[in-house]
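Here's the structure, in structure tokens; my notes come after.
By written order: A, B, C and D. Residues from 1 in each chain.
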Amino acid sequence: MAEPILEVAGLRKRFGGLAVTDDVSFAVAPGGIHAVIGPNGAGKTTLIHQLSGTLRPDAGTVRFAGRDVTALPLQRRARLGLARSFQITSVIPGFSALENAALAVQARSGSSFRFWRPAAAEARLNAAAMAALDQVGLAGRAAAPAGALSHGEKRQLELAIALAMEPRLLLLDEPLAGAGPEETERLIDILLGLKRRYSILLVEHDMQAVFALADRISVLVYGRVIATDAPAAIRADPAVRAAYLGEDEVA
Amino acid sequence: MIGIGRRGVLGAAGALALPAVLGATQGAGRARAQGRGVKIGLVAVQTGPQAALGTQLRDGFLQGLKHLDGKLGGLAAEIVPIDDELRPEVAVTKVRAALERDKVDVVVGVVFSNILAAIMRPVTESGTFLISTNAGPSTFAGRGCNPNFFTTSYNNDQVHSVMGQAAQDAGHKRVFVMVPNYQAGRDAVAGFKSRFKGEVVDEVYVPLTQLDFSAELAKIAASKPDALFTFMPGGLGVNLVRQYRQAGLAGIPFLSTFTVDEATLPAQQEAALGFFSAASWAPNMENAANTRFVRDFEASYGYVPASYAAQSYDAAMLLNSAIRKVGGNLAGKDALREALRAADFQSVRGSFKFGANHYPVQDFWLCQVAKRPDGKFQTETLRRVLEADVDPWAAECRMR
Amino acid sequence: MGRAWLPLLVFALLAAAPFAGLGEGYLLTILARAMIMGLAATSLWLLVGGAGLVSLGHAAMLGVGAYAVVALDDARVTEALVVAPVAMAAAAVFAVATGAVAVRTSGVHFIMITLAFGQMAFFTAASLAGYGGDDGYTLYGRNTLAGRRWLEDRLVFHYLCLGLLAAAVLGGRALLASRFGRVLRAARENPERVRAVGFSPAPYRLVAYAVAGGVAGLAGMLLANATEFVAPSFLAWQRSGDLLFMVILGGLGSLHGAVLGALAFVLLEEGLSHWTQHWRLVFGPLLVLAVLHLRGGLAGVPGQIARMVRRG
Amino acid sequence: MSFGLLLVQGLNGLQFGVLLFLVAAGLTLVFGVMDFINLAHGVQYMLGAYLGASLASLTGSFWGGLLLALPATLASGLVLEWLVFRHLYDRDHLSQVLATFGVILFLNEAVKLAWGTAPLQMAPPELLAGGITLLPGLQYPAYRLAILAAGLATAGLLWLLVERTRVGALVRAGATNAAMVAALGVDIRRLFMLVFGFGAMLAGFAGVMAAPILSVEPGMGDGVLILAFVVIVIGGIGSVRGAFVAALLVGLVESLGRSLLPDLLRLVMAASPARQAGAAIGSMLVYAVMALILAVRPRGLFPVRG
């Protein structure tokens, strides 16, 4: 296995008496989709918060592209190429979809302490932003204010913003949450398209999507990773079955 | 985070008022030009603990106008009242408005020195005469003297030096000094020390708005001085005298300037009985002008006049004499200045004339608080301490 | 901006004022004060409307600028080309010093901490015995401009204030459209998303706070020259309340709203106080009604009228 | 600085602290439960003082003034709440600050119109008029000790009310999560009215007690208001316990700072500038303490907000 893009070792996080992340360790290989699945309340979002820097772990380390980022806040990890989306969509409502993406491009194109030239007129930023929107099929809605987009479109914009950062690793927190059948279909196509060019850590609840997309799967139950393996092995693993797949018969 | 929406409901109250307001402000200026009268900007504090002093000043001037049946040197007098609220920035704004919008011819009044300092330049530099009826700081008596400035009261230092002389005469060796922390307060200490050669046990400066003296009274009790010298005008004096008596310190002679006078005695009552003060005027002075002034003032305003009222009454008489001398021609500044310098009027203090720096040259008396037969309280002259005294700063004034 | 004609109309009116028979001296004094307050309100708009930082201590920036003029005047330095930059720098330094702590907080704590620093500046000014303390300080005269006493001339001072106000509005607009402004505006709406793409909002807010401080310092310098008298009350928290009211009265939707709000505030205050001594009795409720009902502010009014006309 | 003087200033500090607590208590509850910044709370304190003073002179007795002023300030609080404040609960803090700032302008001027600009006098009750000798040669006014006692008693009563009663539980719950309390079927409107009226009365009570020792004049509420805000931010917004501790702290810092500092500076400077600088730094001390606490513990000493 090539040098992992992300290594998590001995990660622990407690809220009061509850161990939400209990000694979690796993590695994500570059390229392809590594999915993290688990029942509701397994601590998926808390885990992704600790990987992205939104939350500080109590113990353990997070190494990204060979560098220990455990102590770095969200914005520093983002600058290193670790982009994340949010379970509850988080966009800039007053900005157009294009300007949302352009902000992400701006973050990686030199200093933003420039006070005179209008940013909206910088062709290079707009072109890269439009490319990101195009990748998620949102080019047509570029001028619309983000606040006026539909729920599905906002999920696509979240993805576009992450892509606009030209990340080395994408942390996607339930991108399909709340999406209708044909929106889910479209998002899965997009993710399949992205699989070749980006390493993706996908936290998802929708089983069909996970097994259609994932190259490797880690199963998180009550804050502990009980198995990390190829999809076929995970489907056959009795412990996973009992803890998680037991009640949800997989087609 | 700022959830202010863009949709409005009401029309624009603000925008519509714009034209109406522009019209109102510049209409007023034109009215005065036709009438043959003299407009007086009367600056008197009407807000806060010192409001009583402003009221005295205003009533004194109005009493003067009553005796001149509303005319100054033949011109109908119109008063523009200005409440400085004992805040220099308020005084500057309102005086500027009176000068530029209401076009007042003379500015009269000002109880406190810090207010006078704030409005000195705006008034005198606009070519308008400023006649202070009370504040007389040393800053404008010496090098800073000004041809457009007169005062009918005194130089602050003088009155305090009289009390310094009285303390020296009475043989006090150790005196505790306590004054408010502003220009006139610092002048008081300088004036007192200029003639008192004994030891100043302690020098305490309290904020102008102080009302509770418990900490300072404890210090006085602890240091056991031969006498206290203090200068606490208006509300400050009311609280100090009452708390001084309450704290059982009345045994220590209370030498004061502008602390126990007719403006504060109604509130101090018995607490001030026997306390000393120094002044150039007292209600019981025997001369025709004063007897008539005190009698008519108490008749029209129902309280005993203090120096603040007497000095603004004199200012009205001064203006009347000067305007009559120039035959009502307010435009001729130099002629009017000479007429004012002549001070050709009968002062309630008996003798009154101006020194080279336009500060008065007058006698000073040691006074004591006494209870009148009718139960009211007033200060009464004990003995003359200085005769035709010129203030120490006059020599430095080279008025062009 | 669909409604560009409104700011142009306001500036045209101000430019024409001295000639349209309104040359009466006193009115130019009011307009000068209105434009100076407009400059301070514009700088506050950058914070409230641009960065979403509600400061209840902005009058302290004005005061620091004014006291810079006093300090230089006391040291016999009265050349405006020196005094103005020093006043702006002094206010900007004060802004950075206090902003470094303030921008780490948000919401009501930011309001409270700016109020606290404003009060500290107010009491410091009151303690400067050398500059008159509570009694305030009378300037020897207005600053000279390039050695000449131009500022004494009402017309020159009127157009100087107008020019600086226009520059501040245009500069503010350009600042908000720049790369820096984009990050600032984004952080106002969604700080978490701005961090997720790689920006930490604090430095941008601090720079905005310093720029707003500097411009308010310039307004302080002009105010000191207009009134030729500076007192600690320039920094009182009630004055910061007035500035916030001007921004809201003008309308948060547009930068030029702050100018409109300031003009309406000063002219209303002057008109009412000329009509009655108890003008605050009317002014207070007007402020309450403006906050409750005038959601879009004065700048939003043409839009409202246009919508009513279309609907009617 | 003799021990006697230190004791006097210490007591002055505690007594001012207690007054501050009575104003801050209402402010922190209204703020905590309704997330509503009410700059006009200082005006309730002023109204209490004015009503107390004029009713006392009307009825000829301090106690008459006090007993009549309390319901009057409660009524004025509810009227203001009905007229202006209830429209502001769902608005953002900027609108609340400005609207209540308008109310201050109005009421400060209205008081000037109704009672005139000169300060009112209010005599303390006769039985508390004299001084009590704490130490040989050191007298301390009995009335100030009475204020301290009354304030502590009210604080105790309030603590019992908030910590031990059903209504208190509702108020505390409201302070942490008002939406949840509403969801549980509690008529949140009535709770707000209750908290608001009670807060106004507490501030009015502080005003009546302060009237005899401080000057009753227009605008007297503004200074106390700022200090009350400092208190609730230091104590933790919504926490009555925090407000109590912080109020005593601010009271002590304010009075000891003002009296000790000038004497300390006297060692370095001349009398007059020392006094001025000392007083200014003394009054700045409180804000420095607040800025420090906000920087270190942004949620205050006893954070309540969920």
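Note that contacts are C-beta pairs under 8 Å (C-beta built on N, C-alpha and C of every residue); 3 or more make two chains touch, one makes a residue touch a chain.
Protein names from UniProt, one per chain: A = ABC transporter ATP-binding protein; B = ABC transporter substrate-binding protein; C, D = Branched-chain amino acid ABC transporter permease.
Just so it is clear, the structure is predicted and the values come from calculations on it, not from any experiment.
The chains that touch chain A as well as chain C do not exist here; no chain meets both.
More C-beta pairs in contact connect the chains of B-C than those of the other pair, out of B-C and B-D. Taking the mean of each chain's C-alpha atoms, the chain closest to the overall C-alpha centroid is C.
When every chain is reduced to the mean of its CA atoms, the largest separation from chain B belongs to A.
Averaging Cα coordinates per chain places chain B and chain D 36 Å apart. A separation of 31 Å divides the Cα centre of chain C from that of chain D. The mean-CA centres of chain A and chain B are about 77 angstrom from one another, to the nearest whole unit. Those residues of chain C in touch with two or more other chains are numbered 48, 54, 107, 133, 248, 286. Along chain B, residues 1-2, 4 each make contact with two or more other chains. Chain A has no residue in contact with two or more other chains.
Contact between chains, per the stated criterion, is found for A-C, B-C, B-D, C-D. Those residues of chain B lying in contact with chain C across their complex are 1-2, 4-15, 17-18, 20-22, 24-26, 28-29, 87-89, 92-93, 96-97, 100-101, 114, 117-118, 120-122, 182-183, 208.
Residue ranges on chain B touching chain D, taken from their complex, read 1-4, 46-49, 51-52, 55, 83, 181, 185-186, 203-207, 209, 211-212, 214-215, 218-219, 221-222, 235, 246-248, 267. Put simply, chain D touches chain C in their complex at residues 31, 37, 84, 87-88, 91, 93-95, 97-99, 101-110, 112-113, 222, 226, 229-230, 233, 237, 272-273, 276-277, 279-281, 283-284, 287-288, 290-291, 294-295, 298.
Those residues of chain C that touch chain B in the shared complex are 22, 24-27, 29-30, 48-49, 52, 54, 106-107, 132-136, 138, 188, 227-229, 231, 233-234, 248-249, 252-253, 260-261, 263-265, 267-268, 270-271, 274-275, 286, 289-290, 293-298, 300-301, 303-305, 307. Those residues of chain A lying in contact with chain C across their complex are 52, 54, 73-75, 78-79, 83-84, 86, 90-95, 99, 102-104, 106-108, 111-120, 122, 161, 165.
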